[in-house]
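The chains carry the letters A, B, C and D, assigned in the order they are written, with residues numbered from 1 in each.
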Amino acid sequence: METLFITDKLKDLLPKIKAFVETELYPLETTENLAHNFSFVEPILQEKRALVKKAGLWGLHLPEEDGGLGLTLCEFGQISEVLASSPFGHFVFNTQAPDIGNTELMHKYAPKHLKDKYLKPLMDGEIRSCFSMTEPEFAGSNPTRMGTTAVKDGDDYIINGHKWFTSSADGAAFAVVMAVTNPDAAPHKRASQILVPLDTEGFKFIRNIPIMGHAGDSWASHAEVIYENVRVPQANLIGMEGAGFLLAQERLGPGRIHHCMRFIGIAERSFDLMCRYAASREMAEGVMLGEMQFIQGFIAESRAEIDAARLLVLRTAKNIDEQGAATVRDEISMIKFFTANMMLRVIDRAIQTHGALGMTSDILLSYWYAHERAARIYDGADEVHKTALARGILKGYGLDTRKK
Amino acid sequence: METLFITDKLKDLLPKIKAFVETELYPLETTENLAHNFSFVEPILQEKRALVKKAGLWGLHLPEEDGGLGLTLCEFGQISEVLASSPFGHFVFNTQAPDIGNTELMHKYAPKHLKDKYLKPLMDGEIRSCFSMTEPEFAGSNPTRMGTTAVKDGDDYIINGHKWFTSSADGAAFAVVMAVTNPDAAPHKRASQILVPLDTEGFKFIRNIPIMGHAGDSWASHAEVIYENVRVPQANLIGMEGAGFLLAQERLGPGRIHHCMRFIGIAERSFDLMCRYAASREMAEGVMLGEMQFIQGFIAESRAEIDAARLLVLRTAKNIDEQGAATVRDEISMIKFFTANMMLRVIDRAIQTHGALGMTSDILLSYWYAHERAARIYDGADEVHKTALARGILKGYGLDTRKK
Amino acid sequence: METLFITDKLKDLLPKIKAFVETELYPLETTENLAHNFSFVEPILQEKRALVKKAGLWGLHLPEEDGGLGLTLCEFGQISEVLASSPFGHFVFNTQAPDIGNTELMHKYAPKHLKDKYLKPLMDGEIRSCFSMTEPEFAGSNPTRMGTTAVKDGDDYIINGHKWFTSSADGAAFAVVMAVTNPDAAPHKRASQILVPLDTEGFKFIRNIPIMGHAGDSWASHAEVIYENVRVPQANLIGMEGAGFLLAQERLGPGRIHHCMRFIGIAERSFDLMCRYAASREMAEGVMLGEMQFIQGFIAESRAEIDAARLLVLRTAKNIDEQGAATVRDEISMIKFFTANMMLRVIDRAIQTHGALGMTSDILLSYWYAHERAARIYDGADEVHKTALARGILKGYGLDTRKK
Amino acid sequence: METLFITDKLKDLLPKIKAFVETELYPLETTENLAHNFSFVEPILQEKRALVKKAGLWGLHLPEEDGGLGLTLCEFGQISEVLASSPFGHFVFNTQAPDIGNTELMHKYAPKHLKDKYLKPLMDGEIRSCFSMTEPEFAGSNPTRMGTTAVKDGDDYIINGHKWFTSSADGAAFAVVMAVTNPDAAPHKRASQILVPLDTEGFKFIRNIPIMGHAGDSWASHAEVIYENVRVPQANLIGMEGAGFLLAQERLGPGRIHHCMRFIGIAERSFDLMCRYAASREMAEGVMLGEMQFIQGFIAESRAEIDAARLLVLRTAKNIDEQGAATVRDEISMIKFFTANMMLRVIDRAIQTHGALGMTSDILLSYWYAHERAARIYDGADEVHKTALARGILKGYGLDTRKK
């Protein structure tokens, strides 16, 4: 706990959640569970969800009106860190991406009929959802280029497009699809967000894309899909027509905090595993691994970097809470590359400390090593955020590079 | 080709091998093959082996008396690089670890009856083998601590022990096992290398250890095994009793070159993939990825680092060829950590350049990212080699840290 | 200003101090001043000190009873950052090391007669002082080894020893000298701190040690000195006999914050210079330096790293304020290496951005590049702090490395 | 000695030169000499020059027809490394920049009357010269932008311009000046190289620019100068009119090797100092600095990096010797940033190893730390070379970024 950002709510909640995660979820980190697809462990996770509800810890991310605790972003971020210390934490608490993002989005912008039909069961953990934005043909670092279209036909949209990295589509009830509805508008005003039930005719699930050799399945998967003349009512529009990017960007602030605090939770747990091993592994008669300066260097640098990253992210969360995301754009860029790179360095050092064991699924680290490499890519690659941040700063010095 | 180290033999061989690898093996890098276990692709690789034999390229690593070309280590290293540009290259040419190491070992130290029965079919690619040294209970960085014992009983040894990272044991015909035969000798003279046919009673295959979530199978796997009262004739001893570490160390020089040139082959291919993508991926209308300075930085740094590493390794190979491994111990330590880290940086940059695609098994990079992380661990972790190198250097300055 | 740590006092003070520094001190950063010894610019700095007093900004670091503002460490830290943005800031406000440390020390532990005679004029800026601890013959990373002795003779101590890096001894009125008074006590209880007026017979000023080619002079210098049968009254003892290391360590907490916030001030100013130049330097017709991604990378990474370091240091300051230094030892180690390395990276990037100009004394950066390299060495080298931090952490995991 | 590149000539020469440098020049590395301007030590260096001549080692860089040994670039590079191990080596052997570059240039392109009058005494070490190219108003990374003009007037040129970093102008007999003679030609064909005796009217020596606080003097200085209506005969043209950039680029290949081998010599000597200190400095009773793993890490990484860089540079030198600089442009870019950064890392680690001593002029390292930082800037900043190299590579992949 970082005392600077602790609140009364957290003083009460955090220890409970931490205890739950450690008691109920850490024991699930068996080689078997880590080396199988998600569906293998999913049934037991559903049981754990029931325990979460029983413990009154369900719906932490929801506004009070939806039965949640009305936590600030800064408060929820600190919970998110604890949940992320287990690879199953967010799922068990129903705060997993992309559902949490869709929940926030729909809460604010979905018409009532969509809320009733889709948001409600989503909040209850009865269905899952996905967010369909990235396209293989266009660089993700330039989100205004998009091939998917939604053309009006009577009261409906007819959607056509090819998407990938539609994460968790496998088994999801619906997708929120970004599609160009206004091709003649300014680049940032061309797309809209439309809810598409995945049992709609014309939706084609191509495959779960193998990531580092794993196709994965269910929630833990990244699908390639095709929308071929998919017809949905225009009433499935979320927010206003042409507001797709605006909503995506609005999603960005809180979403960034979610991601970054998850990174920190992973880093913190990796750090804990590293220290445990260093303190208990014997290298030679009576000489422990943790006596090696190289390992001490790993530990010291990791400790400093994790603490620094957490402070940076929570500061940003607090600023978003108090001033709104728009005023702290630079910070929102900054935390992404800083935290993602920190996490990957810490995981890497923890693996190196474990030696051969670190490569195996006998321990959590290799799972994160492989799967979290994406953290420097999705939601804006390092390079995109660095450029964005620098441009924002240089504008304050009179150089507007966007004009060029 | 690095002209400094090119020989007449290579001028002839390298283009042929390169052409074979590019024509016959690169097309096998499909998502399907990369996302499945090795046995999935193995049948087609066996067909390719036949083509290799037909092309007169089989047995490149063998001495002339065994039908090979009698290449120097420096020559074979350059071939090894080309083979490593495909994840299937070494297997198809039967130069894959650990078989190549066992081949070299047995060629020099195995008694004739073992050569006839095991080395011959190994060289012909009819059987595979493994090397059983690492133990989960003892730190690999201190190889003189070992729990496996071989106790004499009549004309036999009775072997008991627990090993893991006995790579490629799955489907292998025999293992070369490191076991303590002389427990009262000095630490470095306690162990011996003994050939154990894997159909011997008491050999227990526990599992293929999941690495980054993949248990793998067949040649591409890392087994945990138990030797429980495994009885083999003392005639299965390779080299002299108590010479186990000596042989392991002798194996080290050439083995290090094999590994490092493989790393360079992987780095070079990753570099090629990075450049191809940078030159062909459009970021915005008419703006190519390769125009970004960040990407240019990745390319330039990678080019310099690969070239530098190759020169370093080939110099060492040449020195081993000319002076023997014993005189260039420091260089043999040096190339390991330098090259392994270089490779991982290049793979990482290549992934970053590819964005989301880089994470997928649609492209080779993610395979290497996950599987080659071990390069900084096996065969001596970075930290072990750095320490060894520094100690060797400091001895020249009058400080003998080993005495302490 | 970091809103998380802003207080009412700071809201009032910081803008005034910032304005003073920018208006009165930045203009002094001429090539001439930067390329000369300190005594060249000292007269004008004395004039500026008068302005500070006039503006009611003198004595910011002092407790209320000494006419100061009774700022917390966290508050003064934020002021320290602003002062450090000019190389003359701390001197002009009389908050420069080592005087600020001696002031704090004497305020707490000096007997009244020393306070009257030495602390009073020190606080008034009428005299300067130095701290004489490091010895060339013994490694600074192991402070319990010390050759300087203070032997009792009647009511006096006779001090003999050889010190260097007795910073600012040139022109100082007195030194606080660490000397072994109790050679038979436990290592940490052998030394005491004794005030030695520098006009005492037997004190020999050997030289100002050239640092990066500059001997420097006056306050900006690092002396080598010899104490040869220096006789001072035992009444010149500060704190108790044998408490030398204890006091040195107590000095450590606040001293660390002073140093680290100074590093941050330097980094922040270097960042500002980098951005200014990037925004205004033309590379080709109409193409500004700041449009280069390499430079954008420098800017973005620096921004994130400075912010992270500041949060880390101010958190530690706050924790010292609230809980005392003893409970946050780990944090106090952590901030040192994290912040010093950050500062040096930022300075380095700023120099690289400036090209040839960055090497010159036409701009501040080269001054800091040369002089602040020491930040990774003095007051505990990186390696010392990393080891200390790791050991502290590992103790929590049951491994007590100090016992070994 | 790197056996791969040793020749018979070097087998004879290198030990002699090494012995000379160690015996005659290392003893000059006193604090006094290192902390004073060059003119302080210059008289004794002139005496050493006489010894060089006496030993038959003068003029190593010259072609045979000029009394030199006709060494290849690769051979001279290896000598250059040895000379660079002392900060006085190159000067004493009269192979110092910029004179060596001017010597090479004039040997090839100067008309006979200039050779007789200027090249001869330059080769004899009787006069010094400088090269006047960089201008404060224009970015050095874009050398085609230039404000200095040479306008024909009768048989003369009238030169006007403002230059800086005209290194060693202080005390030089002449400058080779880059000036625009053909303003209407293509950008790369506008400038010419003209010899200007520095006693010509209108040449104004403004100052030696303080670098890291040192203005320096004589050969070890970097001047700012003005050419105000400087009149010289058109016969002072070196090479053809408009060939200024072509000649500058031709100078580049060999010049790059000189620089990079100098970097390696500095790195190697810094490494030696680091190891010496690590092996001899006691940290605690009987515990030597070199036993610390952190220091071992510094040593091991430095050893690998220096060796790798040397191989890279000598390979390039050999390729220039055999194929000409034009065919290995990419390599010539590559070695610059790779070697300069390597050198600075090694110097930095050596300083860190020395602790406080490393900051002082009692040891060579701090001199290099300050003065060699420029290695990442002059003769093309890192960023320029990385971009150039990447562009060269990407062209091979079909992306011509220069067209844009």
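The definition used in the following text is that contacts are C-beta pairs under 8 Å (C-beta built on N, C-alpha and C of every residue); 3 or more make two chains touch, one makes a residue touch a chain.
None of these values were measured; they are calculated from a predicted model.
The chains in contact with chain A and with chain B alike are C, D. In terms of C-beta pairs in contact, the better-connected of the chain pairs B-C and A-C is A-C.
Note: the chain lying farthest from chain C is B, by mean C-alpha position. Copies chain C and chain D of the same chain sequence form an interface built mainly from equivalent positions, shared numbers / all numbers used being over half. Averaged C-alpha coordinates put the centre of chain B at 52 Å from the centre of chain C.
Taking each chain's centre as the average of its CA atoms, chain C and chain D sit 37 Å apart.
Averaged Cα coordinates give chain A a centre that lies 43 Å from the centre of chain C. Residues of chain D in contact with two or more other chains: 292-295, 297, 383, 386. Residue ranges of chain D in contact with chain A, taken from their complex: 292-294, 297.
Contacts from chain C toward chain A in the complex involve residues 2-4, 275-276, 278-280, 288, 290-291, 293, 295-297, 299-301, 303-305, 307-309, 311-312, 315, 318-319, 330-331, 333-335, 337-338, 383, 385-387, 389-391, 393-394, 396-399, 401, 404.
Of all residues in chain B, those touching chain A in their complex are 31, 34-35, 134, 136, 139-142, 145, 164-165, 209-215, 281-284, 289, 292, 294-295, 351-352, 355-362, 366-367, 369-370, 373-374, 376-378, 381-383, 386.
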